[in-house]
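A, B, C and D label the chains in the order they appear, each numbered from 1.
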Amino acid sequence: MVDMVIKGGKIVTSEGIISAGIAVEGGRIVAIASDQHLPDGTQTIDVGGRYILPGVVDQETHVGSKNPLEQDLQTESCAALAGGVTTWGFHLPSGRLAIPPTGETPFFSQVLPNFVKVGNQHCRTDYFLTPILVEEKQIKEIPELAERFGITSYKFFLQLKFAYKFLKKWPAAETTYGFKTDFDDGMVYQSMELISRLGPPGIACFHCENWEIARVFWDRLIEEGRKDAAAWSERSPHFCEAGHIRTYAYYAKQANCPIYINHVTTEESVQAVLSARADGVRIFGNTQAIYLAFSCDSDWIWSPPLRDRETMGKLWQALSRGITDTISSDHVNLIVSREELLKHDVWTRPPGPNRADMLLPIMLSEGVNKDRISLPHVVQVACENPARIFGLYPKKGTIRIGSDADFVVVDLDLTRKVNDNMILSSCSWTIFDGWEMKGWPVMVILRGDVVMEWPEGEIKPKIIGAAKGRYLPRVPGHASYPLD
Amino acid sequence: MVDMVIKGGKIVTSEGIISAGIAVEGGRIVAIASDQHLPDGTQTIDVGGRYILPGVVDQETHVGSKNPLEQDLQTESCAALAGGVTTWGFHLPSGRLAIPPTGETPFFSQVLPNFVKVGNQHCRTDYFLTPILVEEKQIKEIPELAERFGITSYKFFLQLKFAYKFLKKWPAAETTYGFKTDFDDGMVYQSMELISRLGPPGIACFHCENWEIARVFWDRLIEEGRKDAAAWSERSPHFCEAGHIRTYAYYAKQANCPIYINHVTTEESVQAVLSARADGVRIFGNTQAIYLAFSCDSDWIWSPPLRDRETMGKLWQALSRGITDTISSDHVNLIVSREELLKHDVWTRPPGPNRADMLLPIMLSEGVNKDRISLPHVVQVACENPARIFGLYPKKGTIRIGSDADFVVVDLDLTRKVNDNMILSSCSWTIFDGWEMKGWPVMVILRGDVVMEWPEGEIKPKIIGAAKGRYLPRVPGHASYPLD
Amino acid sequence: MVDMVIKGGKIVTSEGIISAGIAVEGGRIVAIASDQHLPDGTQTIDVGGRYILPGVVDQETHVGSKNPLEQDLQTESCAALAGGVTTWGFHLPSGRLAIPPTGETPFFSQVLPNFVKVGNQHCRTDYFLTPILVEEKQIKEIPELAERFGITSYKFFLQLKFAYKFLKKWPAAETTYGFKTDFDDGMVYQSMELISRLGPPGIACFHCENWEIARVFWDRLIEEGRKDAAAWSERSPHFCEAGHIRTYAYYAKQANCPIYINHVTTEESVQAVLSARADGVRIFGNTQAIYLAFSCDSDWIWSPPLRDRETMGKLWQALSRGITDTISSDHVNLIVSREELLKHDVWTRPPGPNRADMLLPIMLSEGVNKDRISLPHVVQVACENPARIFGLYPKKGTIRIGSDADFVVVDLDLTRKVNDNMILSSCSWTIFDGWEMKGWPVMVILRGDVVMEWPEGEIKPKIIGAAKGRYLPRVPGHASYPLD
Amino acid sequence: MVDMVIKGGKIVTSEGIISAGIAVEGGRIVAIASDQHLPDGTQTIDVGGRYILPGVVDQETHVGSKNPLEQDLQTESCAALAGGVTTWGFHLPSGRLAIPPTGETPFFSQVLPNFVKVGNQHCRTDYFLTPILVEEKQIKEIPELAERFGITSYKFFLQLKFAYKFLKKWPAAETTYGFKTDFDDGMVYQSMELISRLGPPGIACFHCENWEIARVFWDRLIEEGRKDAAAWSERSPHFCEAGHIRTYAYYAKQANCPIYINHVTTEESVQAVLSARADGVRIFGNTQAIYLAFSCDSDWIWSPPLRDRETMGKLWQALSRGITDTISSDHVNLIVSREELLKHDVWTRPPGPNRADMLLPIMLSEGVNKDRISLPHVVQVACENPARIFGLYPKKGTIRIGSDADFVVVDLDLTRKVNDNMILSSCSWTIFDGWEMKGWPVMVILRGDVVMEWPEGEIKPKIIGAAKGRYLPRVPGHASYPLD
C-alpha cells in the first residue's frame, strides 16, 4: 500500500512515451509499472488516457524583482503551477531579497536566510536561486554560498555592463532593474574561475545582449520618431546578442567554466553556440518560450527583443535539433493594466510581462500540436535538461524511482480560448488573450500532492492546498543530484 | 505474479544509479520499483547489492567474416554474452551471408533470409545487421531492405576505396576481407542520399582511414626493414583517419545524411567530429574498446592501428566528455594460435583478434575503476547511445517499462586475472592473458532468461540454455523504436 | 642610347598608375623615368596616352593537347599574343610532348628536350611547363626535373581520379583528354611531399571537381532527357568543387606543400580557400576569365562548368577583394566549326573552346570598364601574381629595372565588336562573336620587340616577326626569380 | 640634368633587389635606371654597393604624449631619422595637441591647425596623425576631419575601456596616459561605421588588451609580492589580447570597417587574425619591433607586455609568412634616467621607453642577418605595407617614378656596438646598450635631401639641415595615394 497511485496514463520522459503508471510514497516515486503491476495506493488517480510528464523545471523567473517577494510569491507561484511548473528558478539580485527590498547591494549570505524563510512560507513550487551578481564584492561569497546554501549557478546581466552610459536615458530602467550595477569583464572572469572550482553543476548564466552598442540604435530610432514595437526590436540587432556570446564563450574557455546562454533568440546566436562547442567550450543555450510564440510585429517588448517570423522558425529548429537545450518562462510580474502599459510608447514602458502559466501551453499548442517538436523532446527541454544543467536531476525533471513525485498531467487534445479571467497572476490580464490553444496541463502534482487542477468547465485553474514549496540547495561536486 | 523479479541491486542507466528492482513479464520490463513495492515473481533473483545494467549493445562485430557464419555464431555469441553483450550488430558484406560464402557480391535481399534463419538458430544474443556495401549495384536495394528487413544502417569500408592499388601487396588482405570492392565517392554519395530518405534512424557508418595515402608509408616502412608492431601504427598516421572524416562529413552534409564514424582513434579525429558538428552535420563517433586498452607499443595490430599512450588519454577524455558517443568491440574471430599469429611479422599477419568478451571488463576495469568514466556514462556509451543511433532504443539499451528485459549484473569489486582458459571464443586464447582486471559481468539476462552466469570460483563463464537470439529489424521513420 | 624607348604612356603595375616611360636594352628594362628623363633610343614608340601593362602571364593553356604541339603552337601562340599574353604556361601530360603524341605515359625527362626544341622554334610567347602527372611512376622525376629543367609546378587532374568509373560513358572523353590516368591520393600526397622539398616556388596545382560524385548527377540528367547547356552545369554541383578543395587542402597542410586551385568557380570554393588559409595552408586561387564572362545559360560548356549569374558576381568580388589571386585563359584549341560543335548535345561534345585572345579584353571590358576591378588590380591578377606563384617574378609579370621588356599597350576606350574574322586561332571562330567590347590590347612587346600590333582600321591583329618565344626554367629554392 | 642622382647601389623594394640607381627632381623620383642609363645630376651620391631602401613608414609613435610636443619633436624626430624613419605616424589624443597640453578633451578640429603648424616647424620626418579617440563627442568630427585634414585612421585604446576600475590603482597611469577616457563599445561601433563610410584608406586601429581582466592578475601578482619584470607580463595573459581581437573583429565585420591590430604579440592573436580573415573581416596585424627583440625575462616593460622566447619565434614566423603585415616603433619618450626608472618596481613605473632609432637595426640585425626575414620583406613590412594601409602609398613606402624621394641607405655588413652616446633622443640612454648589432642605416634622404648621415668612425648619427618634415593629409576614397 503506497500513498498514491497514478494510472490510466502514458508516461512521457525524454526517452519516449510508455503506457505505465506510477506509485508514490513519501513524496517520491517508488514504482513505475504497467498498471496491473502497480502496488495499491491509498489514493488512486486515473488520468483517463492523458499524458503524465515530469513537473516543469522553469529555471528563470524574476518574481520579486518588481514587487515585494512575499506578495509576488503568493500569486505568481499559482500562475507557475497553472503552467505546469513544479520547480522554479529565481534570478534575483541580493537587494530584492532584503526586507525591505533595497537598491543597495547586500551580501547574499545576509539575505538568503530570509529568502528561504519567505519562500518556504509562500511559494507553491519548489524553488532554487540563481543569484544575479552586480558588484565585485559579491564574488568572494561564491564558495561559501555553495557550501552553506547549495548555490551553484550565477547570473550576469551582461546587458547592464557599463550601464551608466545608457540607463539614465531609459525611463523604465528603474522599474525594470531597480538595482545598481558596477561590474566589468574582470568580475565576470573571476566569477567564472570560482564557479569552475565548484565542480559540476557549477555554471555561469549570461544575459547576452550588448547594450553598449544597442544604445546607439536606440538613440537613432528615437531620433527618427519611431515608437512602434518593431523599433524596440531594431534597436538591438542580432549581432549584439551573438557578439556577447562569442566574447564570453571565449573567456569561459580560459576560465574552464561551463556557461549557459539565457536567451538564444537569433540564428547568429545559434551559430555562436555551435562554434563555441566546436572550440571545446561547455555551453548550453536556452530560449524563452515567448520568443517561440510572438514575433516583433506584435505589441510586446522584451529583452532581448522579439524577432521576426523567419527567425522564430530557426529557433524552433535549433530547439528540436538539440542545439539549444532548454526553454523557460522568464516570468516577470508587472502589476499594471494592459491599457496603462500600452499607453506608454516602447521607449518608456518596461519590458514584459512574461507568462509562466503559458510556458507549457506554448510548447504543446505551438510546438507539439504544430509538429515542430515531439512531446518527449518537450520533456527534455522543459524538465530534464534544465534539471540536469542546474544540478537538480534526477531529483527533479524526470520520472524515475527515487525522484520527487512532481507531475503534470497533460491533455493534448483539449482546446481552450485564452482570456483574462483565466489569469492567476496579480497582473490580472494576459498577452495571450484571444489565442485558441490546443494542449493544456490539467493537473499538477508536487511531491505527491495534487496542487493544481483544472477540470473541464471551470473558468480558471484551481490551486489546491497550502503553499508547500521548498528551497532546493544543489550539491556542489555532483553533476547528478544524489538521491539518498 | 510476474515471471521474474530482480531485487537487491542498484539499477544503472545513463541517468544515474537508483536502488530499485525490476519485474519482468513476457520477456519485457513491467515494473521498476523499490524492492518492497515490486510485485511477486515466479522466479526471484537477488543480485546481492550488485549493479544491474542494461544489456550491452555492441554495434560492430565481424563474426562470420573469416569463418562460416553458422560456426562462428555458435562460439562467438557465447563470448559476446560473457562480455555482457545482449544485442549484437553484425557488419558483413553480402558474400559472407551466402551459403557457402563467396567472394562475389550477391544482393542482400537474396541472402538475408538465410542470415536470419541461421542467426535465429545459432546466435545467443539478439542481433541486427549493418550491411557492408562494396559494389554500386547494391545501392538500389536500400529502400527495399528497409521495408522488408528493417535495415537502416550501412557500412562503408572507406579504407578499401580504390583498393586494387595496395591490397595486392598485402598478403593478409584475402584473410582480412575476402571480398571484392569496387566503389567510389559517387556510390557513397548516392547511398547517403537514399539512407537520408529513410528518415531516422537511417545512418551511414564509415571506417575512415585513407589507405591510398597509408600505402605510401606502408611501403616506406617495409623498405626500411621495420617489422615491429609500432611500424604498423606509423604506416597509417592520424591525418589519414581525420582526413577521411572531414571529407565524408562534408559530403554527408550535402546529402543531409546522419553519419557514424566507426573508429575515432586520434585527437585529430575528435576535432574533425567537433568541427563537423559545428558545421551542422549530424555525426556520431565511436571508439573501439581496444583503443582504450592497448597502445602501439603492444604486440597487436588493428585497423585503424593502435595509437600512443597520450592519444589513449585523449580518447578517454573525448568519451567521458560526451564528444564520442559509443564504444564497441569490433569482434573478429581469428582461429589461429597466438604462436602462429606472432610468427608472422606485422606486414603479413591479419589484424586482430578483437575480443567482445572484454568489452565491458575494459570499461569497468580501465574506465570506472580508474576514474576515467562513471558507471552511468558507461551505460550511456555501451548501451543507450548505440541503441539510439541504430534505432533500437528504448527496446534495447535502457531499463524502462516496456523495454526488453536484457540485463548485465556487474560486480564492480571483483578482480580476476585473465587467462586463456576463460575464453569461449573458438580462438581459444586472449590478448589480455595475464591482465588483472577489476569489475566483471557476473550474470546476463536476455529477454527475461538468464543466459550467462559466472559464479565465483568457476574457471570460465557458463552459458545457459539454448540459443534464443532473434533478428531485430529496425523501424524506418522512427527515431525511437515503437514499443507496442 | 638604348635599343628602345617607349613614351607618351601611363605605366600600370599592381602598385598603381604612373606617368612615365621605359627604356629597353638587350630585351630588358634598363630605365623607367618621366619621359623627359629617359635616355635616347634607337627606336622610339609613342603610345599616345595609352596604358602600358606588363605582358600577361597566362599560367594555363592546354595547347597541344588536342592537336600536334608543333601545329598548335604556330597558330595559338598568335592568338595568345592578340590577348596580351607574353608568357604562357603549358599544362600537358607527357604523352602529348612525345613525337608523335601518345596515349601512353613517357617520362617527362624523355620528352622535355623535344618540347623545348619545338617550343623554341614555334612559340611566339615565352613559355613554361606545368606537367600534368597521371601515373605514379612519374613522381620520382620531380627532383630531377627541377634541377635539369627548372620545373617547379605540377598539375593534378583530380577530376580524373578513379576515372575508369565514368569516363567510358563519356563519348568526348578521348577527344578531351586522350591519355591514360591511374592515380590515387597516395600519388598526390607523395608528389606534394616532393614538391614541398623543392622549396619555393614549388607548387601543386589542382583541378578540383569530384567527378566520382558528378557522374551520379550526369547519369540522372541524361536519364531525364536533359540536353541543354544548363544540364552540363547541374551535373557538377558547387559542392563537388569545394569538396575537393577542402580535402586536398587538408592533405597539403600535412605535406607542407603550397597549392594552387586552378578553378575557383563557386562561392563555396571561395569559402573553402579562406578556411584553408585560416588553417595555415598556403593556398592560391585562380579563376578562368571565362567564368567571369559567360553564365550557365549560354551555349557553352567547360570543366568545371559555367555557373549562374549570381555566382559570377561572387567571383568578381572574390577577385577584386584579393581572395582569389589570379586569372588565366585555360586556352584549348578545338578545330571544329561552330555548327559542327553545336550539332552535338552537351553529353557528347568536348568542353571548350577557351580563348586566350579574349583574356585581357574580358578583364578590360567586363571588369575595368564595368567598375568591377581596377586596372592595377588586373595587372596584379593577370601578370604579377601568376608570375610570383609560378616563380617567374620579377623577370616576368612586372615593369621593373632588369625585368624582361614584355609589355601590352592597352587602349581602354577602344570599342570593337567581336567577329570571327578577328580570330588567329586555327579554330577560326569565337564564342564571343557579336560581343561589343570596350578596352583592347593594341600592341604587344616581347623582350624588346614589337610582336603584335593592331592598328585602328585593321580587321585583325598583325603578328610581327618570327617566333621568338623561349622556354623559361624556374629556379628551385628561389621564391623570386634571380635577375643576374 | 636632375637635382640628384644616387648610384652604385642596390634598390630594395618588396618585390626584390635590383642593381640600379635613382634620379630625383623636385623631391620626387623621376627615373630608376641602370647606373649607365641615369640622367646626370647636380648632386651625385655613390652609395658604394650598399642597399637603398624606401624610407621607413613608422605608423605609431606617441611623441608628444609625455612632454610638450614642440620639445619632443626637436629631439625625437632626430632619433626617428637615425632609425631610417622618413614618415612618422603620430598617435595622440586631442588634449596633447592643445597648447598647453590638457587632460581635458578638446575637439581635434580645434587643435589640428596648431599640430600642423608645430609639426611643420620642428618635425624632421614627414608625418601624419592617427587621432586617439577617448570620448564619444569626438566621433562626430570624423567626416569633417577627413575632408579638412585628410584624417582616415583612428586609434582606440581598448585597454582603457572602463578604465576607472583599475587605473586609479596604477601609480604610473597619469604619466602613461595623462588624459581622461570615457567610451564603450557603442562609441567604437559608431566610429567604425563612420570610418567605413570614408571608404579606403579608412581604418580603425586597436590596442587590444583586455585590462578589465588583466587587472585581476595585476592585483594577484602584487598580492603575491611579485615585483619582477616577468610579473608585468604575467599580469596580462595572451588571451586578454586575443579576446579583444576576436570581439572587435566581429563588430568590425558588422560595421564593414577595415581594422588594424596595433600589437599582435601572441600566437593566440595570430590565430585570431587568421580566423577573422576567414570570416571575411579586412584585418591587418602589426607587431612592434620591440616584441621581436626583447623577451619577458629582460628588465623592460611595455603594453602589451613582452612575451617569452618561444612566442617571439612565433611572431617572427607570422611576420615572415605574411600573416602580420607591418612593424613599427611605438616610440615613447620617457625623459628619465635608466637608474631612476629601474628604481621603481614594475607596478609603479611607466612602460617604455621604446626606441624608434632601433626600428630598422632590429629588423636588420635580428631579422635579416639572422635569416628570419628577407631584406625585401623588411621593406614590405616597414615601408610598403604601412604606407598602403594608412593611405600614403605610393607617395611613401616604395621606390617608384613619382614617389617621394625618401630613402634609407643600409649597410648590411656594418657591425656597431650600441651605447648611450649614440642616442639622439632626449631620453639620453638606450635599452639596447651593449648590444652588438649588424646592419645599420648609414644615410637617410627625405624628399631629395640628405637629412641624416652616419659616417664610419663617427660616434653618433649626424642630422643634417633644418627640419623639413611636412604634414601628410590622406585622400579619403583613394586606396592608393593619387600622385598628381
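Definition applied: a contact is a pair of C-beta atoms (placed from the backbone, for glycine too) under 8 Å apart; a residue touches a chain by one contact, two chains touch by 3 or more.
Please read all numbers here as calculations on a predicted model, not as lab measurements.
Participant: Which chains are shared contacts of chain A and chain B?
Facilitator: For chain A paired with chain B, there are no chains in contact with each.
Participant: Counting C-beta pairs in contact, which comes out ahead: B-C or C-D?
Facilitator: C-D
Participant: If every chain is reduced to the average of its C-alpha atoms, which one ends up farthest from chain A?
Facilitator: Measuring from the centre of chain A, the most distant chain centre belongs to C.
Participant: Could you give the separation in Å between the centres of chain A and chain C, each centre being the mean of its C-alpha atoms?
Facilitator: The answer is 61 Å.
Participant: Starting from the mean Cα coordinates of chain B and chain C, work out the distance between those two points in Å.
Facilitator: Distance between chain centres, rounded to whole Å: 52 Å.
Participant: Measuring from the mean C-alpha position of chain C to the mean C-alpha position of chain D, what distance in angstrom results?
Facilitator: The computed centroid separation for chain C versus chain D comes out at 40 Å.
Participant: Based on the touch definition given at the start, go ahead and assign the chain network to line, ring, star, complete or other.
Facilitator: Here the contact pattern is a ring, one closed loop where every chain has two partners.
Participant: Which two-chain combinations touch?
Facilitator: Listed by label, chains in contact pair as A-B, A-D, B-C, C-D.
Participant: Of all residues in chain A, which touch chain B in the complex?
Facilitator: For this pair, the touching residues of chain A are 2, 11, 15-16, 18-20, 23, 25, 30-34, 37-39, 274-275, 277-278, 280, 376, 393-394, 398, 400-402, 480, 483.
Participant: What residues of chain C sit close enough to touch chain B in their complex?
Facilitator: 162, 165-166, 184-186, 189-190, 210, 212-216, 237, 239, 242-243, 246-247, 250-251, 254
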